[in-house]
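Look for chain A in each of the two complexes below; its partner is chain B in the first and chain C in the second.
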Partner chain A sequence: MDCSHVFKFKVNRLIVVFALFLAFFSVASPAFSQVDSVVVAQDTAVVAAHAEGESHGAKHGAEKFEPTKVIMEHIADSHMWHLWGHTSLPLPVIVYTPAGLDVFSSGNFHHGEHDYTSAKNTYRLVEDKVKIVGADGQIDEAASAKLLDFSITKNVAAMFVAIALILIVFLSVAGSYKKRAGKGPRGLQSFIEPIIIFVRDDIAKPNIGHNYAKFMPYLLTVFFFIWFNNVLGLVPIFPGGANVTGNISLTFVLSFFTMIIVNINGNKNYWKHIFLPNVPFWLWPLMVIVEVIGVVSKPFALMIRLFANITAGHIIVLSLISLIFIFETVAMAPVSIAFVLFMDVLELLVAFLQAFIFTLLTALFIGMAVEEHH
Partner chain B sequence: MVGSIAAIGAGLAVIGAGIGIGQVGGKAMEGIARQPEAASKIQTAMIIAAALIEGAALFGVVVALLGNNPV
Partner chain C sequence: MELVTPSIGLVFWTGIAFICLLILLKKFAWKPILTAIHEREQSIDEALNKAELAKNEMARLTTQNEELMKEARAERDHILKEAKALKDSIVHEAKTQAHTEGAKLIEKAKIEIENQKKAALAELKSQVSSLSLEIAERVLRSQLEDKAKQQDLVANLLKDVELN
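Right after this comes the complex of A and B.
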């Protein structure tokens, strides 16, 4: 089936949305960018610990380095994007409260030091979560529970970066296919083409069967989205570094898509296998329960696998870096760096493997749902 | 104390996965050595099996991770 006109239309719309997003950021960022001169414990624990290691506790002696806290801060989502030292890029906060919608920059919190008062509410940043402050200066728990946070957080912004990268790469590749129709691939094309062929020939075809073409757009999208985000997560400096695929909300959404696609495309054999399995009648009630649980537990395992693998990778790398600050000596640095280098190379493999496994299992589940009995 | 017990739980989960993936990898090696022409098929099946085993172990690790933060 030729769906290229729909694709074209959607891509056009995506480009418009993304251009608006970029315009918003480029207009807003000069106003947002700020350099704080004050040392803030919350965002800069590593820097503080570094200073502690250098001055041997003369200045920051009271502040002990807690690896668990620092690591959890680094793998968690955040309302600002830490760039270097005490500089971070504030991201827009979008909250829906009982009083109405509020949009402001997270730079107004000054790394959680100050409260921000808008026309509707007063907000405070507590452990990187936006809370409403009551009239008495205390956090209003009842109102905070009703607050819905739709902010462009670090993970969301990193996801937009990945989406932009994917769009740039694939639109240019698609363009060169149109321009150079019938000729051999060239440049970026020759890098991307084998991967697409790999997804088609090694993932989609053997698992789905002759009807694979219908599912290729989803499989390719999910493969490259996970892969790009995994690899960007390994980059320690600005446009990377966010733990996007190690966020359970994102993996939940991806596996939810898989579940929907599998069940929508399930043919009568698939549903018969679930509700009328070919077993002795006394086993029937048990089998139906098991099969129905299987419908949910398969995507659930996909969700946990991606989340846990990527989060574990980030935790290991951060723990190895933390060794320097635990032993409080520079002599530990070469050992730590060697191990981090080793782990990063291994994570590069894991980044690809997890994207591959997610796509492979998705294709497998789709294949089970569309399989025809002969 | 809670943290250390959670760490023991994570360790136990990893033992199970280690044994399982070790078996899968070893047998796949044997299979490839006997039939090198079937290597790509064996590899794919191996990765699927390893992913399923690993999934079970990661459930354990995630529970240990959640148990690490007493609420």
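Right after this comes the complex of A and C.
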């Protein structure tokens, strides 16, 4: 596995891209600080709402703030999209049970306080999971285990928003390419084009080689899909804020596609390398096992890397906000805000970097699979 | 543990949504964009190549012009030189011709002068002899006007003859 060309990367161009990014941040910093204050306000509201909700639920008068619970609720998927205070956007619940398919609004659960009875089953929302309630009023664990939840959850909805945004941006860019054929880029085009060329010249070409054009659509789609979702995840207000790329399901799907593409396009050298490795015969059984594990472990690493990076970023930001409520003093707020601002800027960089790394490694794996000679 | 357990719903929707996105973008975005970028890059390359060619052509023409100029200059110098040589030779020839002509003229003049001199001398001689004869006649006539004198002369002459 000769990965040296990854490090021989056009470092200069990379530096330029990051420098541009940092410049963009510095220009936009007043805007960001505004957004950030919104983040803080939003998150404050959210945390306060949760604290209230807890006190409602507990009714013991002891308002104990549990940062782990709050943070995990924000990181995890949900059947509602929390907007502000007690207002949430109900999302469709689609469940497939042995009795059949049920589609209804999650608003019917009234934040988990009510059960919903359809023609087929009675459902209850327990810790944001849809469960089937038996005739005795208790949760029917056996039936719930067979329930398949295809709901449009917060993450799915946020992903749809990101996809809509990607489609709007790139279809309009493609339109302007048609309109202004043969001319220089302008407007959104001139912002997108360097990134497309960056993906083509610095990710696809050096790693895949002359046959790169075939994989460009996948690489570009993955890159922009991850990047847009990462950035939207950093926006604290409504269409953003969901931890989409920090969800293992999504990173699993993406890395699964990468694995499929790599193995479908693997040529005979690639398979020979796996099943007839060039090692002494007594090492052969061991190496075959190692190589077969490698086929799966490479996309697995992709899955974990993206998930862990984005989730970690969200956890850090939420933890910093939670500090205010842990210390129970407003004096903590400036410190928290300063750190959150720093983290948000860093996360913007990470958002790009993770999209870049995922695409780069995908290109690298494809390149290793389609390499002509050893 | 829940955090790292993929949920079937999200996997399902992500898979469908991503494939749809991939197909849509491939057909309506990446293909036109990449083609347009590629075409533009090619046209830029072409333009640059053409510019390079034009530059080379220009350089070639310039050197050609310079060569032509040099040649023309050499030609001019050559022609001038030839003309000068021609002039020199003409002048030289003319000079020598004039020289010989002059010499010939001088020679002729000399001969003429000589002839004239001879004629003049001959004439002078005949004139001198006739003049001397006339003088002698006149002298004799004046001498022999009277008889006495004539007799004296004859006597003298006879004396001389006697002496002889």
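Rule of thumb we're sticking to: the second predicted complex is superposed on the first by the 312 of 374 C-alpha atoms of A that agree within 3 Å, B and C clash if a C-alpha of one lies under 4 Å from a C-alpha of the other, contacts with A are read in each partner's own complex, and residues count from 1 in each chain.
As a working rule, contacts are C-beta pairs under 8 Å (C-beta built on N, C-alpha and C of every residue); 3 or more make two chains touch, one makes a residue touch a chain.
Just so it is clear, the structure is predicted and the values come from calculations on it, not from any experiment.
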* Name the contact category of A:V296: first (chain B only), second (chain C only), both, or neither. => neither
* Which of chain B and chain C A:V279 touches, first, second, both or neither -> neither
* Touching A:F170, do we find chain B (first), chain C (second), both, or neither? -> second
* To do: Based on the superposed arrangement, let me know which partner A:L101 touches: chain B (first), chain C (second), both, or neither?
  => neither
* To do: Going by the touch definition up top, name the partner, chain B or chain C, that contacts more of chain A.
  => C
* With the two complexes superposed on chain A, say which partner A:I337 touches: chain B (first), chain C (second), both, or neither. => neither
* Do chain B and chain C land on any of the same chain A residues, and which? -> 307, 311
* **Contact set on chain B toward chain A in their complex** => 3, 40, 44, 47-48, 51-52, 54-55, 58-59, 61-62, 65, 68
* **Footprint of chain B on chain A - complex, ascending** => 68, 202, 206, 301, 304-305, 307-309, 311-312, 353, 356-357, 360-361, 364
* Structure fact -> Within the complex, chain A is touched by chain C residues 2-15, 17-18, 20-22, 24-26, 28-34, 36-37, 39-40, 43
* **chain C-touching residues of chain A, taken from the complex the two chains share** => 72, 75-77, 94, 148-153, 155-156, 159-160, 163, 166-167, 170-171, 173-174, 177-178, 181-183, 193, 196-197, 200, 213, 216-218, 220-221, 225, 247-250, 252-254, 257, 307, 311
